[in-house]
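The same subunit A turns up in both complexes below, where it pairs with subunit B and then with subunit C.
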Partner chain A sequence: MSGEAGAVVFSCPEAVRWVEDADRVLVVDDRSGETHTLRGAEAAVWGWLTLAYPYPKLVQLLAALLVLSSADAEQRLVAILQDWRAAGLLQMLEPPHG
Partner chain B sequence: MANLVVAGACNLKCVYCFAGDHMRALKDSAAPAFIALEAFEARLDFLDRSGIDEIRLIGGEPTLHPHFPELIRRARRRGKHIVVFSHGLLSARALACLEALSPDECTVLVNTNATRFPDGPKEEEQTRRRATLRRLGPRALLGFTIYRTDFRLDFLLPLVIETGCRKSIRLGLAQPCLSGSNVHLHPKQYPVVGRKIAAFARRAAGAGVKLEFDCGFVRCMFSETDLAALREAGTDLGWRCNPILDVDLSGQALHCFPLADKLQAPLTDSVDAASLRTALIAQAQPYRLAGIYKECSTCPFKAGGECMGGCLAGTLRRFRPATIRVVVSADTLVTAGHASSVALAG
Partner chain C sequence: MLTTQLDIFSVPVDDKFLIYAPLHNLAALVDRKAARHIRAGLQSGSDPVPAAVQPIVEQLRSPGAPAPAPRTGPLDDPFFLGLIPTRGCNLGCCYCDFAAPKQSSPVMDLSLACQALDAYFDLLRGSGRRRAEVHFFGGEPFYAETVVHLAVEYAALRARELGMAVRFEATTNGVYSAARCHWIADHFDTIVLSLDGPAEIQDRQRPALDGRSTFAVVARNAKILSGGSVELILRVCVTNETVTRMPEIARWMGREFCPSTVCFETLTATPRSRGAGLTPPVPWEFARNFSAAARILGDYGIETVLSTADLRTSRVNFCPVGRDALIVSPDGAVEACYLLQEDWERRGLNMRLGRLDGHGLQIDPEALWRVRRLTVLEKPLCANCLCRYHCAGGCHVNHNTALPVGQFDAVCIQTRLVTITQLLNQLGQHRLVDEWLADRAMWEASAWQRTDRLCGEEMRV
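For the complex of A and B:
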């Protein structure tokens, strides 16, 4: 469950379920009954995450999608992940100690 | 409207049965297979305080209840119109008790392709069903569950004429249990099914027989030409998926059998059908944005409320658990200005 030393692992709670529609990704949190509609870059990131793309690849793809520098894309990606964590769609796992 | 489960047993084995999972779970829980008379009275109380004048008996096979005539008698004493959902292979006693009611007092919806055989009903079953339908006459409404694309409906027309049952046929699409354990139609098969239904509707209209749709049909399964033909044939069209209110033997009100494990609300002594329906609609709401197809999200008929987007169980089966795991270095979070996240994690 823990990630590599010095790393933070984001994962999805079991109660979160999703479906890909023609123009969006719908994510439902069974615990709260909340529905989250993801479009555009957010939908793309979610799709890449479900394909288990590693972090560096996510940055690369997002930079290409939004025509951003790597640094800007990374900042955007981290913001998306943090927003999802705040919304309960992602949880942060404890990093290893020591 | 509310369907009351009075029997958790059935002596047939329809491969498309969407009640199977729930019935097996009840059986495993050692719950009684048939509703007790006292509990049935409580169900009647529920219908009374809900202002419902009709009692809809389902199962399993409701006519298998050992006190089926007594259930009917008690329901009639409360002035209820009786609706029985049956496979039509009734015992002599059950048939006699329904025959004693007038067509105004009783409707028996007979599932004409219910069977104990995996490949479809055998002649022996159809012969017996025909005999039942002759005796029920105008009390009977024929039903057919479409669970494969090579279905045939034409045998129903002479059956309606010969037996004197109602000049209406109720069509159902075999919907999936959430587990997918039953045989069911895939939404990809709906257009093929739709064309055949429209063609049959034209022939049925020629015999003075109309079609009516059960829940789960979607508007896009019919071309505009076929829709026009259906309307001209007097078809009772509907693109519905709403809480049925199936009240099971344990006193739970289910959204419907396919969603028995997911959406349910307890039937208490004070609750009525409207409040149960409201509760179940609220439970279903998170998933209602979606439909059985990806394209439901951009469909004007769904957006406009004309079509519900198909069976909710079918919709829910599209949802997947989100097996996401991404590793981000703590340095990255700090650099991106999210040091607080690292602090929380630490």
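For the complex of A and C:
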């Protein structure tokens, strides 16, 4: 899985796997054995990242999903992505040069 | 005589009679003498009958299930909410005469999709319903995929807030990336995938807009869907060219994929299909190959269906029309039918139910009443046909039923032959099916009967 955030590209580390359940996404980090349960908006964003939506589209979708302004939706999206980065579920790739 | 006893049918098959009572859940193959005894037993009410037919007569004398009836009362339990993200499509099927522009059709606003879902959930909540059902149609719904990707998540979120269950279903051509197909497999409950057969059939009948092959992508996605928890229904359009290949198509599908059902539907002739040299198959040839295909698929545990001869339920409506389905177009119109307005208007029909606006669903009660009356009970052609509670007259738009009783067309004959075939196969009469369908005089005697009603005055047994 990978997705663009502005000029930044996120991807999922090899060791991270996930499965969609009825109303949640279970994300497992093989390195630590930790399991993360994503529900609601977080589960939706995870699904949209698997579809490789670009960052502006993610903001638009999240705004529509939660009935937020674009600014509020972006703030929420940034927080979600930061949490996932901190938990090792996403990693930032170097943007391509030249 | 009970009213449900009017819905007991009898059809000659060779020197026997197939007795069929859908509301009594009974099918039996009997000789002429037994058929007479059964009819006499029903007409007399409670007189004793010969022991050999007594169990049949007793069952038919019971009230049976209530006859299916049109919907009445307020709009409080829609069949489903249908969303049409776009009328556009990325395929150039050689039989498709859909008048909407393929590439420039409008796309539903994301906000409109959410409004439709809000209005639908409000309606369900107001009437105490706990289950929601959202269907996606097109064109090709995934040609406007963002609408689907949002609507599914939005509906799931709303359902969770309200403590409701929600099901998702889509009818699709299967032309998208593997990642997108995985998302569909994870999020949908049922996918109806159009796949007409192995590569040369699929590519002849369902090429991309630019004429390129679609087979590899669709077959790959059928495998992805086969491996997921989603129910997969494969829909095959059968033509004059492919009818004799139905058993081969069935074997291939059974071997390669894991559908719950393979739905064989025959081509609806259009100027475009005629230009491509395609016509609907001959009814008896379709029935013969349908029977063979069903046996092959049955060995894989897969059901075989022709939508007008689906014996699993009794109904007065063939399709969502009349069952309070609310189908929202990209422009916010709410209709009972997912076909284009010009299609149903050409048939003199008005399928418009209302509009979606900032205040929710504005449904015209008169329009709802008008559409609910579109049932088989209003179709003279079908009055005495044993298929009436399964076919229910077929598509309102594509099948003309404003004909005198029993004046069947090719669609009727096909439906009647497949229905009789399935009933005989259910009775284990496989050899009789083969012999019957191989003998023109024999199957014509069954198919062209003007009334099938056992107790109708014109019935001859």
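As a convention for this text, the second predicted complex is superposed on the first by the 88 of 98 C-alpha atoms of A that agree within 3 Å, B and C clash if a C-alpha of one lies under 4 Å from a C-alpha of the other, contacts with A are read in each partner's own complex, and residues count from 1 in each chain.
The criterion applied here is as follows: a contact is a pair of C-beta atoms (placed from the backbone, for glycine too) under 8 Å apart; a residue touches a chain by one contact, two chains touch by 3 or more.
A quick note: this is a predicted structure, and the numbers were derived from the prediction, not measured.
Aligning the two structures on subunit A places subunit B and subunit C side by side, free of any clash. Look at A:Leu49: by the touch rule set out above, it reaches subunit B but stays clear of subunit C. Contacts of A:Met92 after superposition on the shared chain: subunit B is touched, whereas subunit C is not. Contacts of A:Lys57 after superposition: subunit C is touched, whereas subunit B is not reached. Legend: residue contacts after superposition of the two complexes on their common chain; A:Leu65 is shown touching subunit C, with no touch to subunit B. In the superposed model, A:Asp23 makes contact with both subunit B and subunit C.
Of the two partners subunit B and subunit C, more subunit A residues are in touch with B. Of the two partner chains, subunit C is the only one touched by A:Ala41; subunit B is not.
In the superposition on chain A, contact of A:Gly33 is made with subunit B only, not with subunit C.
Minimum Cα-Cα distance between subunit B and subunit C in the superposed model: 7 Å. 20, 23, 50, 52 are the residues of subunit A that lie in the contact sets of both subunit B and subunit C, per the superposition on chain A.
Per the touch definition, subunit A reaches subunit B in the complex via residues 3-4, 6-12, 14, 16-24, 26-30, 33-35, 37, 46, 49-50, 52, 54-55, 58, 74-75, 78-79, 81-82, 85, 89-90, 92, 94-95. Listed in rising order, the residues of subunit B touching subunit A in the complex are 282-283, 285-287, 289-290, 294-298, 318-333, 335-338, 341-342, 344-346. Considering their complex, residues 110-111, 114, 145-146, 149-150, 153-154, 156-157, 160, 179-180, 182-183, 186-187 of subunit C touch subunit A.
Those residues of subunit A that touch subunit C in the complex are listed here as 20, 23, 39-41, 43-44, 47-48, 50-53, 57, 60-61, 64-65, 67.
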